[in-house]
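Shared between the two complexes below is chain A, which pairs with chain B and chain C, respectively.
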Partner chain A sequence: MKRVAKVLAVLVLIGLCAFSCVIGPLGQKQVVQPHIQMAAETFQVGPIKVPNTLMGLLLADLVLIGLFLAGTRHIRAGRPEAMVPRGLQNLVEAIYEFLANFLRGILGERAEKMLPLLITFFLFILVANWIELFPGFDTVGLIEQVHEGEGHAVRAVGPLIFLTHEEGEYTLVPFLRAANTDLNVPLALALISVFMTQVYGVQALGWGYFSRFINIKALTSGGFMGLMNFLVGLLETLSEFTKIISFGFRLFGNIFAGMVLLLVISSLVPFVAPVVFYILELFVGAVQALVFMMLTAAFTAVATAGHGEHH
Partner chain B sequence: MEISKEVMKLLAAGLAIGLGAIGPGIGIGLVGLGGAQATGRNPEASGTILTNMILAIAFAEAVAIYALVVALILIFVA
Partner chain C sequence: MNEPEQKGLGWREGAFLAEAAAQIGCLTVVVILLALGAGIWLDSRLGTKPWFTLGLVLASIPVSLYMVVRLALSAARRAQGRESEESKESEESKNR
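Now for the complex of A and B:
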């Protein structure tokens, strides 16, 4: 039985390869060069323009919300079987507990209040990154006329239309694209992260938190060191703004570069080779989600620590 | 190909990110070296080491991100 399944799997693989040899590059010697654009492509839906990254974002939200609603349904209904988690609930609880314990290690007893935000950051970025690896992202869409730059000619195969490598005036506008390949999404997350760091800082230290940035006490206490401390405060202020840039562009850069890498490799070597890079992107997506969460946690830990209790 | 403004822009963007990635690359490598050595010497502390390692990597990586921003500005804005 196992042997039959194996043979079947190999046959299906060969069949898919043969199929895409005929349909994919349309039997042409060259493969279509990917069209790479930094801004999200948009669709006109009624009076508004809908970017395809928004579709990717909503899909990621749907997956995440669906997973956790289904996983917590026994708890929310107050059923007794929720006490002994099974199946999906087990998975969801394991994910939550792992992340929560991890963050408690960094933040100590202050962690509880920040857990929802930090874990949401992690899960949202993780799902938004990984969803890009599903077939259909960046590859299925409408063929539209190009406004600027170079395009391709098209050829119809049955009801489907494919781009050819010849010069023309058409390009592919994919329906779905990963949310984090649109700079707006990482920047929004970065703004939330930095803003909430300030909020947690004020909650922990009161308004005295802002003496970190404008240290009047140090200035009036006089002396050279007082002046230096005041200037260090100004540097801290600057570093809050550079944090927004580095948070936003780190996530955007990694995921956008991943998308470009996958597109280029898929156009150079359509078979087998992209698998390696898909594994790499799986890793990069998880690392970026982890880094975003951990950096927010670490900056919050710094912001909520008073002047005396640096460790 | 004549050397037009477009060509110079692309060249500058390539150089910006290419040269800008050298330093952070070395830096992140050193952080990884330190992290691996520390974990080898004291495996129980691997959790704390990982946290500090990722924090240090983020600061080193920020420099590469500035280079990336410059390259993107050169290509898309300038």
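Now for the complex of A and C:
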């Protein structure tokens, strides 16, 4: 049975390669220069304009939810076979165990409360980044007339329409684009991260947590050093806002740059060369997910430890 | 069996980890974008499209990976040095 599955997988791969080798040259003889746009492209669904990054985000959510629902179905049903994990359950448990142990090393006993949020950050960002590498992202969509800038001519092959390298008045609006290439998504994640850091800080230290930002006590009774402490508190307030910007732009910059890199390299050398960059993007996607989770954990550790405290 | 209670990072260690993670997170993209920009500029100037772009970007991958690994290792070394210094300090204060 396993042998049949392996043969089938190889046949599917060969079929996909053959399909792209035939379909590619059918569309055009030269590769189309990519149209790079920072804002998400939108397409009309009834009265609503839907950004293609929203479709990428929903797809990432579906994959993640589907994976974990399937992986935990024996546990949720309370079946005895859940005690000896197999297949997908093994994978899901291994991912959770690895991340949970890693975060316990950073946050200690404080980690338990924060694990769901931190692991969700990691998994969502990872899946949203990696899903961009699937065929169809940024390449399949609606052909629309260009209102501004350069466009391409089109060529129909059966029911399919391709952009060609010649100048014209059409452009492609892809159905799917990676969620993190839209600044709104990383910024939303950053806002959640910074807000939850404050929540965990208040839970750990009470309302006194805010004295690190506005330290009236130091100002009134601390003399010159008290004044300095008060000013440092103001700087710390500013740093909370800069965290939102740095979180958001780091993730957005890395993933958007990855998308641009893949488009540029695929247009310059369409065969073989992009493979190296796809591998690089796997690495970058994982590093960014890990960095986002680690930074949230580190800032939470700082917020919940209390000023000047160290173990 | 009860596992030993983990303390986790304190204020200083947390800030140190955040600094290292933030640097690592930005490094790859900066190196690769610089290589991409330089490659596109050189190709347009010299009419060698796509060789400089491809060559520089391909070369930037191992360079950026090497820099990430070096940065991570040096951060780990500094963290270990800091830990041992702190444990020395606490031993000295106990002896006093």
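Keep this in mind: the second predicted complex is superposed on the first by the 279 of 311 C-alpha atoms of A that agree within 3 Å, B and C clash if a C-alpha of one lies under 4 Å from a C-alpha of the other, contacts with A are read in each partner's own complex, and residues count from 1 in each chain.
The definition used in the following text is that a residue touches a chain if its C-beta (ideal position, glycine included) is under 8 Å from a C-beta of that chain, and two chains touch if they have at least 3 such contacts.
Note that the coordinates shown come from a computational prediction; the quantities given were computed from them, not determined experimentally.
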item: Chain A as common anchor, with chain B and chain C clashing or fitting; value: clash
item: First (chain B), second (chain C), both or neither touched by A:264; value: second
item: Partner chain in contact with A:106 - chain B first, chain C second, else both or neither; value: both
item: Touched partner set for A:115, first chain B, second chain C, both or neither; value: neither
item: Contacts of A:284 with chain B and chain C, given as first, second, both or neither; value: second
item: First, second, both or neither for A:187, with chain B first and chain C second; value: neither
item: Superposition-derived comparison: chain B or chain C, residues of chain A touched; value: C
item: Which superposed partner A:244 touches (first chain B, second chain C, both, neither); value: neither
item: First (chain B), second (chain C), both or neither touched by A:214; value: neither
item: Partner chain(s) touched by A:63 [first = chain B, second = chain C, both, neither]; value: neither
item: A:38 touches, of chain B and chain C: first, second, both or neither?; value: first
item: Contact residues common to both interfaces of chain A (with chain B and with chain C); value: 105-106, 246, 250, 253, 291, 294-295, 298
item: Chain A residues within the chain B interface of the complex; value: 38, 102, 105-106, 242, 245-246, 249-250, 253, 290-291, 294-295, 298
item: In the complex with chain A, residue positions of chain C that touch it; value: 5-15, 17-18, 21-22, 24-26, 28-29, 32-33, 36, 40, 49-50, 53-54, 57-58, 61, 65, 68, 86
item: Residues of chain A that touch chain C when the two form their complex; value: 104-111, 246, 250, 253-254, 257-258, 260-261, 264-265, 268-269, 273, 276-277, 280, 283-284, 287-288, 291-292, 294-295, 298-302, 305-311
item: In the complex with chain A, residue positions of chain B that touch it; value: 47-48, 51, 54-55, 57-58, 61-62, 65-66, 68-69, 72, 76
